[in-house]
Each structure stands twice: as C-alpha cells, then as structure tokens.
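A, B, C and D label the chains in the order they appear, each numbered from 1.
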Amino acid sequence: MDSTIKHIGVFTSGGDSPGMNAALYAITKTAEVNGINVSGFRKGYEGLIDGDLVQLKSHELQKLTQKGGTILKTARSKRFLELEGRKKALQTLNANKIDALIAIGGDGTFKGLLAFSEICDIPFVGIPGTIDNDISGTDYTLGFDSAVNTAIENIDKIRDTAESHNRVFIVEVMGRDSGYIGIHSGLMVGADAILIPESDTDFINLLDKVKNYDSEDAFLIVVSEGDEIGAEFVSSKIKEVNPNVDLRITKLGHIQRGGNPSALDRMLGIRLGVEAVKSLLQSKKNVMVGVLNNQLHLTPFNEVVKQHQVNKELHELLELFGT
Amino acid sequence: MDSTIKHIGVFTSGGDSPGMNAALYAITKTAEVNGINVSGFRKGYEGLIDGDLVQLKSHELQKLTQKGGTILKTARSKRFLELEGRKKALQTLNANKIDALIAIGGDGTFKGLLAFSEICDIPFVGIPGTIDNDISGTDYTLGFDSAVNTAIENIDKIRDTAESHNRVFIVEVMGRDSGYIGIHSGLMVGADAILIPESDTDFINLLDKVKNYDSEDAFLIVVSEGDEIGAEFVSSKIKEVNPNVDLRITKLGHIQRGGNPSALDRMLGIRLGVEAVKSLLQSKKNVMVGVLNNQLHLTPFNEVVKQHQVNKELHELLELFGT
Amino acid sequence: MDSTIKHIGVFTSGGDSPGMNAALYAITKTAEVNGINVSGFRKGYEGLIDGDLVQLKSHELQKLTQKGGTILKTARSKRFLELEGRKKALQTLNANKIDALIAIGGDGTFKGLLAFSEICDIPFVGIPGTIDNDISGTDYTLGFDSAVNTAIENIDKIRDTAESHNRVFIVEVMGRDSGYIGIHSGLMVGADAILIPESDTDFINLLDKVKNYDSEDAFLIVVSEGDEIGAEFVSSKIKEVNPNVDLRITKLGHIQRGGNPSALDRMLGIRLGVEAVKSLLQSKKNVMVGVLNNQLHLTPFNEVVKQHQVNKELHELLELFGT
Amino acid sequence: MDSTIKHIGVFTSGGDSPGMNAALYAITKTAEVNGINVSGFRKGYEGLIDGDLVQLKSHELQKLTQKGGTILKTARSKRFLELEGRKKALQTLNANKIDALIAIGGDGTFKGLLAFSEICDIPFVGIPGTIDNDISGTDYTLGFDSAVNTAIENIDKIRDTAESHNRVFIVEVMGRDSGYIGIHSGLMVGADAILIPESDTDFINLLDKVKNYDSEDAFLIVVSEGDEIGAEFVSSKIKEVNPNVDLRITKLGHIQRGGNPSALDRMLGIRLGVEAVKSLLQSKKNVMVGVLNNQLHLTPFNEVVKQHQVNKELHELLELFGT
C-alpha cells in the first residue's frame, strides 16, 4: 500500500454519462476507509486550472448513486490544451497538496492526462465514461447501458403508435462514429432494419423490403446518426422508391445522455471507482481501469484508443436481423 | 334500458393515444354484463367500409389496459368523406346487424359520425381520444396525461445532462395548434422558459435572460412545435443575440404518442367506456361522453368543437413561470 | 393585495407524498415575485418548535419539482399537541418575523393549525398532501396519482409472471382506511377481483370464481391493506375452498409513497402552491386550498374532514369489474 | 452445418424471467433463416408430455422482445420426473417430427434434459434463465439484470420517503439461497448495510451503527430473503438494541420477476437464442449456451451446477460498503 497518498483529486471530463456519480461515491468511500481525503474539481480540466474544488464526503454521495449526469459538472477545456493551462493546473494541485488524480472521461480526457504527466509526476488513474462504449481496454464504459435502456424504452413507445397506424418509423439513436448503441437498441426492440456506420448498409435490400411492405404492419428502422446515414438520408432513400409511404422520423437525441443510471452502470461505477483508488494505493500510475472479460483490468493511457466495438458476433447478428 | 341493442360496433379513429385499449375493455365488459356482443372494426372508418371486424372479448382485453396504442389500429379515411364510402359502411353495419356504434377519436371522428347519421339511424356515441386535450366538453381527453408523463420523464433526463454542462437546452414537445402539453410539461419540469402558440412570447425578455445567463447553470426552454415558434426558431433567435451560446435541441416527437397509459388515462378510458355503453342503453345518441368538472358529461356531437384549453389560470401560471 | 406580508414560513407535516417539492417551488417563486421571503421549517411542527429553518430560493427548488418526498423533511410532533409546544412555535415565528404560514399535510396537520390559531393570529393556509386522497374539499391530494401510477406499473410486472405460471396473485396496496388506491389500481390493471374496505366484499362470489378458475390463465386480485381484509385474510379464505391453489402474495408497501411525482401531482403542487400564496395576499386565513371540480377552491380548516371518496360511480365500477 | 434438422422444439421451464421472449424470437428467426421450423411447447415439460404446442413465427415474436414473462408459459412438472412422463414426451417429439430441442430454464431444467437423453437421442441445447444468476458456465442468466433494475428503481423510491422521515428502512429482495441480487442492489442504491446469505453478517457492527444513528438521516438496509436473515429477523435484532427505532419493512417480492426486460437481458436472450440454434447446426448436443467472460461459451449439461457467484471482488465490496 502506498501510504504517501493523503489527498486524491477527482474530476469528470468530456461528455457526461450516467454512472459518474456512483463512481464518485465509490472513490470517496474507498479513500475514506484508507484515511485519504478526496477533493472534486468542477467542470473538468477547467476546475483544475481555476482551482475550483469542493471536498467530497461519501455520506453525501451515497444518496446520489441514482442520479444521472455528474455533480462535479463537466466541460471541454481549450486552455488545458496549452502548456500554460497545464501549468496553472499543476499550481492548483500543489497548492491543495493533491497526491493523486482520478479522471472520469473518454479517450480525450486520458490524452490530456498523458500530456499533463510531462510536467506533473503525481499518479493519474482514469475511468472510462462515455455512452458510446468506444474505448479499448474495457467491455463497458460508464453510461452505455443506461443510454441503451433509455433508447429501447422509448422505441418501445414508438412501436405502440407505429403498429396502431401501420406506419414506417425511422428512429435515430446516438453514435455519430460508433453504431454500438444503434445495433444494440435495434436488436433489442425487434427492428425490421438496423443501419450503423460500421456496416455497408444494403439499401437495395432495405428498399425492397419497404417497397413491398404490405401496410398491414409497422416497419421499424433504427439508424445511428451520422453523415453517411442518419434518419433524413434513409428517409429520402425510401421516398425515392415509395413516395407515398406513411413515414415518420423520431430522433431520440440527448435523452440518451441523462436519466438515472441503470443497474449495470451503477455497478460499473462502483467497481471502477474502488479499483481506481486501489490502483493508486498499489502505486499504479497513468492507467485506465476497466472491466475486460468481466474482470478488472488496467490499461496504460498510451495504449487506450478509440475503438469500434462492433465485433464479429455483432456483425453476424446485424446480418441476421438487420435487414 | 334500451333492450333493443344486441350488438355494438366500436372503432378507434384519427391519431392513436394511450388509454384507448382500456376504453375498449370497459366497453366490452359493460356490454357483456348487459348481454350485448361487441365487434371491433379495424383501422377506423376503413374497417367499417371494408367490413374488417373482429369480435371483442373482455377476458382478452382485460390484460391490455396497460398497452399503449390501439389494438384495433387506426387510420384516417378519405373514402368515408365521400357518400359512397359511408354507404358501404352502412352496408357493413346492416350485414353484421350492428345496433349501435361507439367511436374513439378526435373532433374529426365525431364530424364523420354526424355526416354518417344522415344515412344511418342507429345510435352513435363518441369517446374523446387525442393527446392534445383540445376538445370541448371534457376536462381530459384520452392520452394527454400519458403524453405529458412521457414528456416530463424525458425532460428530467435532459436536465441531468444540461446541468452537467451548464448548457441551454431547447426541448420541443408536441402540440402544433395547442400549447397544452407545452405549458404543462414546462411547469412540471421547472423550465426557465415556456413558449406556446396561445401566448405572445416575450422574446425580448427571454433573450435578455439567456443573454445574461451566467453559464453557471443549465437553462431549460420548453417549446411547443409550430410554425410561429418551434425549437429551430427559438434557437435562431437566441443565437442572434448570443452566438456563442452552448445550446442543444431535442424534439421529443412520437415517443409522446405511445407507451403504457398513465393511471389517469386508464381510469378515464374505463369511465368513458362504461358511460358510452350506459348512454346507449339509455337511448342516447350522437353524443360524446366526457368528464367535465370531474363528473361524467354528455355533449351532442354538433356542439363538440376543437378548443384551446389554456385558460385564465394557465395564462397566469405562464406569466409567472414562463419567462 | 395584503402588502403587510414580507416573510412566509412553510413546512411539510404528516406522511410525505410526491408533489410536495413542486408545491414548495411554486410557493417560493410566487412569493419572490411579490417581494416576499420564504423560510422552510424542517421536520414539520418540530422545526417550528425548535426554530429549525432554512431560507428557500426558487432558483434551487426549480430543479426539484421532479423529486419525491420532501426536502424539508416531515414528522409527527407530539410536542405540538401540548400548549407548551405551540407557545415555543409562536416564539419561533415572532423571532423570525414570520407573517404567514403555509402547511402541506393531511387533516391532522390542519387540526394542528386550528389549535395554533388560538394563540397565534398570523394567517395560515393549508395544502392537502397525502397519497390516500381522503380529504374533503379537493378532488385530488398531493401524492395520490403518483402512488397509483407506482402501484399499476408494478402490478403490470406481476401480471407478466402471473400469466407465465397461470397463478393466482394477491397484490396488497396501501389504504388502511380508504380503498381509493385499491379500487383505482385494481380497475387500471384489469384485475379479476378488487377488495376495498368501503365495500362488503362478496367472498362467496370471489371464492366461487377462484374455485373454478381453470388454471389456464392468471387470476389477479387487488386488495387494500386493512384489518378486515388484507392479503393474508383473502389468501386464507381462498385456501379454505381451494387448498391446492398456486397462490402468491405481494405487498407493494412503501414504494407507493416515494418516487418522482407524476405529471398530475407536479401540476397540482404548482397550482396549489401558487394559490396558497395568492390566498394569503388576498387576506385569507385558516383555509385549505384545493382543486374541486377542476377549479381552485378554498375550504375553511374547520370544515375539512377526513372523507372517503369512493363515490356512487366508483361503487358501480366496483360492482361491474370488482368480482 | 447439420442439414438433418428441419424442426426444432423449444420450451421455457422453471421460474419465468424477463428476456425469455427475446430468446424465443432469436431462436425462431435464426431457425427460419436456415429453413427450419420451430414449435413452442407450452408450460414447460407439461407441454411436451401433453403435446401442447404452437408454431412460432419470427414475424410475431419480433414485437415481443419487450415483453416480460414467457409467452409459452412455464411450469414445474412432476410427471416428467417419472419415466412414464418422459416416455410420453418422447412420443410427442416423434409424432411431431421434432429433430432438436431447446430448453430455457434453470439447472433443474437441464437435469431433466439429461434424464430425458437416456431415452431420447435428438440433440438438446439449454439456455440459462433465472433471475438468481446462480448457474455455472455463464456470467449472466436471463432475468437477473432486469430483476436488479426493478429492485433499484423501487429502492430509490423508498429512499425518498425514508429520507423525508429520517427512518430506518429494511428492504428485502429476492434470493433465498443466493445473495447476488442483494449485494448488487444494495451497492447500487448506496445502502447503509447489506446482508446476504453468503456472508456472516456482522450484526454487532450493524447494530452499533443503527443504535447510534443520529436520526438526522435515513438508514437503508438491503437484505436477501432467507431463513437465517430476512427482513423480520433483522428487524427483531435491531429492535432488541433500539426499541424506539422508527423502522419500516418493505419486501419487493414478485415485482422482481416481471416487467419489460432490461437492455442487457434482451441482448442476452438474442445472443443465446442465436447461439443455441447455431450449436444445433454444428451438431452440438446436451450443452448449455452461456456468455462467459463476455464470449459465447458452451458447457455440457453434466457440468452445469448451481453456483453462488458472489466472488472475491464482491466479498471485498461487501466488506467495504456493506456495514
């Protein structure tokens, strides 16, 4: 155990995602049990630069495992991209005698820590938080499971009205670069077609199905947002071959980013939060904690990459169910 | 009691709304207890014209009070606007020995029944079903309460992410001609601004608030869809005065039309369904059943109008909370 | 307008119920607009006696319309039943220059205010908050609609497993003295039998139905808690006539008291909160604000009584659907 | 590919769990794509014995991925424990030319298949379905994630009322022999104490905490049902040391078994359903398909055991957060 750590700093950065508050609870509780104080920096790297911090107490955080978003707030920081910003952040850490730093965010957040490590030698640990589930070194990122649960609960509602009218519905879900939410939610709601950026969409097949769809049932299409696909694009393609189709579009949008975290995301937040503090106590540094093959796993920051996780099994499912 | 009624026909017409299946259950159960058969016509007036009907059994419908949409499906019918279509519908009724007809739908549905009554003299009763709650003669229409519950559950999710980023969010809810969903959902989520078609929006005041919003908190705007307002219009107005604002738009869309009916809508469906059959048994005809001032109430079809229900009290609430 | 009011005190008392926080928001916002400060006393009358108060700000409460329970906490106070306790409460009000008092609670809360009015002459206004909906002078009390929504969402889940096993299920809902939750939730889920304290249960009929239930379907009984009925009692009755019945009991319990308030309860909280402040500004005193026949309505405290609201229409529905 | 399979039989057995219908959809869709018919036997082994079967069509099942329970119904079968029952089941399979059999259920279900394999040599494949997650060879069983999501959503509600009254609450969750639901839900809601059968509860520590709990906050205990623990037992222990404690009990009960399946359970159902058919096509027999370390995995029936899955990591979390 690394007995030199007395004061851990923590912050959330990049997009918020459900489960971040559960991670903050677990970090603080684990730290307290080990006699360590925890301070939370507000608004990501901005709080490090500006010295905007609050003391965290597990007794208060305990009630917030259920709360979506992040109580520390989050932001993207242009200033931290500059050396000057990082130097100010270093001053903040020194002034507050912070011995170690835990960051919850995406791959950009961890890249920031790597850059910071050039001038700051306290240990850093990262926790992957993004609804897109597109980070290597972990099966799940904080927020993905909540986002998919929100998506399917709402697509289930859309099915009610789609079936009542025998309509074609295009539902657009999040994931500009990653179809992970798209393929999962599409499979889970029994969609008639699923379109994601990782796959060459077989439009001919899709249009053929929609063209011949007998108007005696709903036809439900789940599509990821994106430049090459997206709801409007699919809609225009369909209307080319079937101009009279009774078609509606719903874009789920930011509802997928909020809401009470799902069971999986709360547990993931707790597991990763505990492991982050334990890793620091074991003198680890510049690593991301993750759950890989259902086991806790550490990945050095410089090996963490943005990674599409639509694997062979998912591609086969897409082929089987997707059009 | 009108002992001549042996066979009631029922159908859902216009837009679907949660609670319609509860009404079908109550109609069928009440009819059965009175020795009356019930047949359901599919796809609104289309089913009347085409003779597309199924026998309804309360034992099966009992399990479907929780289900959104309408198991009879619904549609808008151009053919029924023509005399020829209505004549075919009359043939269907005669062929199936239908003694009375109950329609669940909006004001357009009831207008159709009025036109039909010129050639068909069996009694008609209507049940108001539309999420817009814009029909005179009833405090609530089937589906409004469910739609608002869906809206606020999702706006609550948006608040999580809005507060995490201190962002301005514009959430667009349904109600092209009626701000009833907009004002209700806006008040219920503690919105910073609420914009509905019934009110001259004080853009100067709103823009002033957004201009000076201190970026230390979220700013949540709920706006009804529409030509004069709508999310994009409000967004463009804001960006004129505050081009750098961190603003996001979410349009809730058709999720507001589906989903399991809320408590109020299930109860309303049951009350109105029972009352519809009772009214027929009491030889009423060409009336809409409603709940006015919490009491069951009948309104002749020719007095039912599309009506904005944003009353004086709501206007005062809008003034107090809306900007 | 009563310009003498500068500082309103507010507290929640008795059982908590969803919607209380929305009322606190509306009270505070309306007061602020009228230049009035609002202080919240914690833990009901206990806070008045002990001088335990916090200043309320609408900007903070705005985010809490969605939160169940009461942020002011609530309690039953034995000390306030004694004159000495009420004298201490008076001292608190004087010391803090409280000009008017708003209490959110049940009939017991309002009786307390009546007693208090003998020694304290500032104006009191009450807001009815209880999930049991058993207070005269209002169609709805804060929390009832949320409780019923929670009940039916969970009974819907039970239906899934009941139908999978063709089991008899007895679900016990809250309402020791009042079957209002019982009859509503029973009707809304399509129960096979509904048993409430207000009605002589026709056990012979019920037992006959269960005895002959063909084990090809679920049989769902919704029963209010209580001495004369309750789940165990009904279970023992059934087992007398059908010892081999595959029967399960679930008591929903306190989940019915919590959770995010429903749309109706949030709106009710806002309407009643605004009206409470307005009433004070119009020099009203010792009245409860309610919504009667969908209109705002004032009832003098001494006319507010605990009242069963299972009316003639509900009794008829019970007879039709309840066994 | 095993081209000899033309007709697969499928059934659900033991306790129902959310996700079973998604599995039925995936089985049927995968079979259809491979030119195979699927028949569903109703009520588990009872349907095999009685020849009670229906043809399954993916087009219909597609809409039911969202539905809890099992549309095939389920049961425990005493008759199948006897050789005579199994002989009748064999006759049914022969009469209907069933080439392969897929069973969704728990370890008892798979034991039944092993016994059946002595007289029936068509291939069997099993899919693990039980909310208790206590089967070896898979990280997750169908239904566990849904059950935990239902548990935490409702415990969150209880927190609202517990905090409003500063009460001690004991919430009992399912898992008579397995504390897997208990430890997960307890951690996820930030419980003050978690008691499960796998762990010697440190009652001295717990009682010390409750004894000194300062009545300025809620105290939330999550406990698994069971003989040695359970809500009443814990309650009596607490009242011994603190007779005046303001304590309430809620037993979540069968609501944990029903409800729309969570995202994870729908996906698990789809993955396992597809893999079950693929395994048959690859001439596998007498194996259970599971997801182990996030990969599809086959376990021979005779190696499948009922297994507590509270591993070292969970025990450490329990020690850290549980009392």
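The working rule: a residue touches a chain if its C-beta (ideal position, glycine included) is under 8 Å from a C-beta of that chain, and two chains touch if they have at least 3 such contacts.
Predicted, not measured: the structure shown is a model, and the values here were computed from it.
Using CA-based centroids throughout, the chain positioned farthest away from chain C is A.
Inter-chain spacing, taken between the CA centroids of chain A and chain C, is 39 Å. If each chain is reduced to the centroid of its CA atoms, chain C and chain D end up 36 Å from each other. Within chain D, residues 156, 159, 163 each touch two or more of the remaining chains.
Contact annotation for chain pairs lists A-B, A-D, B-C, C-D, with touch applied as defined.
Against chain D, in their complex, chain C makes its touches with residues 12, 16, 18, 43, 67-70, 73-75, 150, 154, 156-166, 169, 248-255, 257-259. Only residues 22, 25, 29-30, 33, 59, 61-66, 139, 145, 148-149, 152-153, 156, 159, 163, 184-185, 187-190, 192, 217, 260, 262-264, 266-267, 270-271, 274, 293-296, 313, 316-317, 320-321 of chain B touch chain C when the two sit together in their complex.
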